[in-house]
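Letters A, B and C name the chains as they come in the text, with residue numbers starting at 1 for each one.
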Amino acid sequence: MSSFNRPLLASSALIPAPTLCFEEVSFSQEDKLLLGPCSFTLQGTGPTLVMGPNGAGKSLLLRLAHGLLAPTQGEVTWSSDLRPRQAMVFQQPVLLRRSAVANLTHALAVNNVPRRTRVKLACDALERFGLSACTNTPARVLSGGEQQRLALARAWVLSPQVLFLDEPTSALDPAAIKAVEAAVREFHQRGTRIVMTTHDLHQARRLAGDVLFLSGGKVREHTPAAAFFNGPVSREAQAYIAGELVE
Amino acid sequence: MENNNAFYVALSLLLDFDASLVQIVALSLQVSILAVLIAAVLGFPLGAAVALWRFPGRGGVIVLLNALMGLPPVVAGLMVYLLLSRAGPLGDWGLLFTPGAMVIAQVVLVLPILAALSRQKVEELLGEYREQFVSLGMSRPRMMPTLLWDARFALLTILLAGFGRASAEVGAVMMVGGNIDGVTRVMTTAIVLETGKGNLPLALGLGIVLLMLVMLINAGVYLVGELTRRRTG
Amino acid sequence: MTKMVNLLFAGVTSLGLAFTAYAGDYITLASTTSTENSGLFDAVVPKFEDATGIEVRVVAVGTGQAFEIARRGDADSLLVHDTTGEQRFVENGHASERADVMYNDFVLIGPADDPANIRGTQSAAEAFAAIANATAPFTSRGDDSGTHRAELRLWEKAGVEPDRDWYRELGSGMGPTLNTAAAMNAYVLSDRATWVAFGNRQNLTLLFEGDDVLFNQYGSLLLSEEKHPHLKHDLARRWHDWLVSGEGQQAITHFRVDGQQLFFPNAK
């Protein structure tokens, strides 16, 4: 909430992205273990791509990391004293029933950005994501690709130190996918820690700095991207890359 | 035959712009609109709060609100009457048989409708928005205005439902207003009075005027809603 | 947006003004539907208001409810037609003073073809007995009003216990009861004023009148200052005194519907 009391840093690339640490984290619902226990640390520059077959627990892991869900056991911790500023982009963007620009100013207002600077920041972000023409268009009538870009722009105005993306391109056409990937790179260049799930191997190859591979609710492998794609260690990851059906 | 007569009466009432009719219509609108506004200021946040917070007895509150939507107007009228009567707890206010008493009675009638229906709508919207809200770090009190604003078109329709109930009921305003000529006589109580006098065509004529009024308001709100919806989505 | 808020504010303010606009001297008078429905107050009250500048706000209900309103201290003055009840009201200390104001009479209304044949009867009691004998439908106010109380006394006089087969208790005011009687082609006891002013007679007609027991006295009551110190006793007294004054009595005499005098002043 109060994260915006700290100044927005244009040069935040100089500051190392906060480190995320999972310690024996598990999550169960109605006595059914859905994830974990898993332990890992996300450091280095990333971007971290979370991969694995459907039902492996990718989205769950993201929600635990972002704090949308509380772990049943274990702890999610950050290297910084304060919880870092973070944002999340969902598979289906959740946009308010207002204009594109109002979606951004709302997010800024919620984060206590002074009223007089909100519209300027929002318009800058819309321009950066190629949405200037839709400034006053109702967010809900934008195309799928535009909506996802608007969700990214909303994350952008918040200058997050960490950005989570949950299958952000799975419902988009190739041109829109390209725009989203470009946006992810921009966030990355600004020094934002990226944690993103995808089931698209090619996309992972294009974006990943390191890969966290999940299957059956367990972390099977956490390795730099090159190592993962060239020679996965775990049997599950080998099968996944080979295109086999993995449970 | 009787119907033609009543339509003729309604038409001539409107064309003559009868002064006492204008006063009755104006008072009806003032009382019901003010009651609905007050009920909205109280009821919408109440509905949103019940949608947002989990607390013991929440189910009971929801059942109560839903049940109160069907509260018979005379019962609301009787409760407000006993409250505002000189012998009652709020007798010192001296509000009985004034428009103020009618507003209070209609607030009692309309509030549960606004609260119960807005609770449903806000809860629906919250289901859709919840993760995004938590992601943005919003507290529950902060979610309330966002949800209410995003539900604005539904709330407008709910507001109209409340206005419909307020302007159409007769039992409560008759009891606490007293149907005093020139002071607390509204459309519905005037219709009851004219029916009592056996002036059925005039009573029906007044009814037609009331119906047209409600239709006019509905059409106006519909138009405004459509225009804004097209503009902001 | 600001414009909208301003507009809303202006609207609400004007609503508030409308409610405080009636700030002059006024009294609340609890009275009966018969006086209201006949139009008496429309003719008489403006004359009082012109003479004194005091507004009279009439709440017209059944006599029973009028007593209840006064007992709770919600009206400044009372004008009803149940002499027995009025006297009891004074005895019980709710009212300080009672005065005869005027009278009219009750009339027996029924279908024009008169199935119980009450046209030829000699007394009200005989007419009521004839209705019971014929088991012809009869609609009763059934609302503890002055008219209802008078009707119950007449059944007693006729020695008849009304039977639900033909006796319908409606729990309504005089006008709605007449509407129902018209629809059911039933007999009904009405005060003359409401009947003469009534516009939906259909097949109904006046069948019996003139018996002394049908005499219908109206009285004005001033309420107890001890029990209800907050009431506007001074203003109420001016209304009470005016009603029984020459001026008030004349106003009552001059009230006509279709050229017919409906209330007859008889203040002492």
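The definition used in the following text is that contacts are C-beta pairs under 8 Å (C-beta built on N, C-alpha and C of every residue); 3 or more make two chains touch, one makes a residue touch a chain.
Keep in mind it's a predicted model, so treat the numbers as computed, not measured.
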item: Chain hops separating subunit C from subunit A, counting only touching neighbours; value: 2
item: Furthest chain, CA centroid comparison against subunit B; value: A
item: Contact pairs, highest-scoring chain pair; value: B-C
item: Where subunit A and subunit C are represented by their mean Cα positions, the distance between them in whole Å; value: 78
item: Where subunit A and subunit B are represented by their mean Cα positions, the distance between them in whole Å; value: 46
item: Whole-Å separation of chain centres (CA-atom averages), subunit B against subunit C; value: 32
item: Sequence positions of subunit C contacting 2 or more other chains; value: none
item: Junction residues of subunit A - those touching two or more other chains; value: none
item: For subunit B, residues contacting two or more additional chains; value: none
item: Subunit A-facing residues of subunit B, complex; value: 128-129, 131-132, 134-139, 142, 146, 149-150, 231-233
item: In the complex with subunit B, residue positions of subunit A that touch it; value: 1, 3, 63, 66-68, 86-88, 90, 94, 96-99, 106-107, 110-111, 137-141, 158
item: Complex interface listing, subunit B residues touching subunit C; value: 26-27, 30, 33-34, 37, 85-88, 91-92, 94, 96-100, 178-181, 183, 193, 195-200
item: Residue ranges of subunit C in contact with subunit B within the complex; value: 11-12, 15, 18-19, 22, 28, 33, 36-37, 41-42, 57-61, 72-74, 173-176, 178-179, 182, 197-201, 228, 230
